[in-house]
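For reference, the structure I am asking about is given below.
By written order: A, B, C and D. Residues from 1 in each chain.
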Amino acid sequence: MDIPSHIAPLDGEFVDGRHFFACRVYFEDTDFSGIVYHANYLRYMERARSDMLRQLNMNQHDAFESGEGVYAVADMAIKYVLPAKLDDDLVVISTVEKLRGASVIMDQVIYRGADKIASARVQAAFLSPEGRPRRQPKQWTKLFTKVMNDAHNA
Amino acid sequence: MDIPSHIAPLDGEFVDGRHFFACRVYFEDTDFSGIVYHANYLRYMERARSDMLRQLNMNQHDAFESGEGVYAVADMAIKYVLPAKLDDDLVVISTVEKLRGASVIMDQVIYRGADKIASARVQAAFLSPEGRPRRQPKQWTKLFTKVMNDAHNA
Amino acid sequence: MDIPSHIAPLDGEFVDGRHFFACRVYFEDTDFSGIVYHANYLRYMERARSDMLRQLNMNQHDAFESGEGVYAVADMAIKYVLPAKLDDDLVVISTVEKLRGASVIMDQVIYRGADKIASARVQAAFLSPEGRPRRQPKQWTKLFTKVMNDAHNA
Amino acid sequence: MDIPSHIAPLDGEFVDGRHFFACRVYFEDTDFSGIVYHANYLRYMERARSDMLRQLNMNQHDAFESGEGVYAVADMAIKYVLPAKLDDDLVVISTVEKLRGASVIMDQVIYRGADKIASARVQAAFLSPEGRPRRQPKQWTKLFTKVMNDAHNA
């Protein structure tokens, strides 16, 4: 089967240190009340964080397979402002807010056009294969610091 | 097909104003890092809240269908303490912490035996079919108040 | 918040009557065995079908809200050929195979590059709000017929 | 926190070689059309299969961790008969239909009371950690054979 080369999954991108990631609401995301099920916004946000790492050339899959470690959400606070609906086009904007030795704190906001749908503060901890907090790879800290500074100086 | 009558989904139950709800971790709940995907704890907690309403004879489905209204999570803060794994037996303990005119605040903690897995504070707002905050049914407020008092006096 | 206008969810597209839709594997899609959980391929396929309708200007949301009807999967046969993994770039290729009065049959194949990951035959029935089979909108039948012929003549 | 010992997740059970497993429909399972999202029936069926193995004392988690192998769905055909709705009490009845060296074929039917909701035929292949078909553990073959015979003789 010939697949045209321009048919590829959507990449997010950084603009002035902020990461922009688009997604659309499908049937699977909604519940019987007609709006997006509350836990599914966390999936959108995780996709955005994974894409952020991808855009920064941090390979989560390799880091996990090599036994270096993996990020896990340590805590999260989320505010649901407006409901999203089937077919909505959303954008997740993610900003690195704070960097610690073994964790990173991000602000993530979901918009539908000019409307704020939800906002969250997420702390992701870097964990060893045994599940213990571990210092993030030096190169990753450097990359996170760069985009954090870019965003604060923009 | 004859289905033995004792084969029925699990109901949670109230003990001294606290609601106990058990669930097990299946393949669908885990991710490639070997533990439960962080957004899926929110599904366990929502099942527990839905069961709590069910045990109190509040019929969410009817309230929605009749146009009275439906609960939606307004905000949530969650702390992930220990990872849950495939086949783990979990218990969600939910307590009504505060009652407002158009919303209810609950504390929810997930345990695996004596180990705390995650804890959350959740505010659920009662919404009209148009998505506006609406006063909760009087009878529901009464029932929530009762279990809230039971828990505080226990 | 200014969102650059080129940041938008990915649309699929038709090439010679076949619909191409790209998606990427995220944490949420995998399970503890390290590969995509089998039910999640159905989500990819449904996204592709929804996008196909969107590209053909069939508005599912409006059809449902106006009481005209909604598609529901009536039956499905799926073969899992190769496992997909975290970060994989996938393409779903969907072809209209047969058109009946109240249903449409599609073939859907998921590829990762040249590798076939999964293939399915899906029958979607058009249902009235009461859940009874209903003749599909005339305009939709016309549009499906066109792409079906395009694919068979390509 | 004292958790009453009778608060535990629901186990399914065998009756005459057929495995019965109950589950309830929650918000997470439904979509905006008001019924259970089609892919979610596969989750119910997988829970039932996992529980079946559990009741037979086959430990999937250990088999995977020890490098012995893991089951993966190889193919599946599913018929959606009636839609399930929020709060519905469902029962999944699973029967071992055929046993091959490296795979097992099961019939699974979902009921709501006397109503058939969906039925499926599922082939699960036993795979080595490298993803190649592998002969199932001898003891497991024996156990599957026993319940298969029990069902056919019932």
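One rule holds for everything that comes next: a residue touches a chain if its C-beta (ideal position, glycine included) is under 8 Å from a C-beta of that chain, and two chains touch if they have at least 3 such contacts.
Note that the coordinates shown come from a computational prediction; the quantities given were computed from them, not determined experimentally.
K.L.:
Centre-to-centre on C-alpha atoms, which chain is most distant from subunit D?
P.N.:
That would be chain A.
K.L.:
Whole-Å distance, subunit A centre to subunit C centre, using C-alpha means?
P.N.:
About 25 Å separates the centre of subunit A from that of subunit C.
K.L.:
How far is the middle of subunit B from the middle of subunit C, if each middle is the mean of its Cα atoms, in Å?
P.N.:
So the centroids are 33 Å from each other.
K.L.:
Which residues does subunit C have that touch at least 2 chains other than itself?
P.N.:
27-28, 32-33, 35, 39, 43, 46, 85-86
K.L.:
Mapping chain-to-chain touches, which pattern fits: line, ring, star, complete or other?
P.N.:
Shape of the chain contacts: complete, all pairs touching.
K.L.:
Over in the complex, which subunit C residues touch subunit A? Could you list them?
P.N.:
Touching subunit A from subunit C are residues 1, 3-4, 7-10, 12-13, 15, 20-24, 26-28, 43, 46-47, 50, 54, 60-61, 85-87, 89-91, 93, 109, 111, 113-114.
K.L.:
Please name which positions on subunit D make contact with subunit C in the complex.
P.N.:
32-33, 35, 38-40, 42-43, 46, 64, 70, 72-80, 83, 131
K.L.:
Report the residues of subunit C in contact with subunit B in the complex, numbered from low to high.
P.N.:
On the subunit C side, the touching residues are 27-28, 30-35, 37, 39, 85-86.
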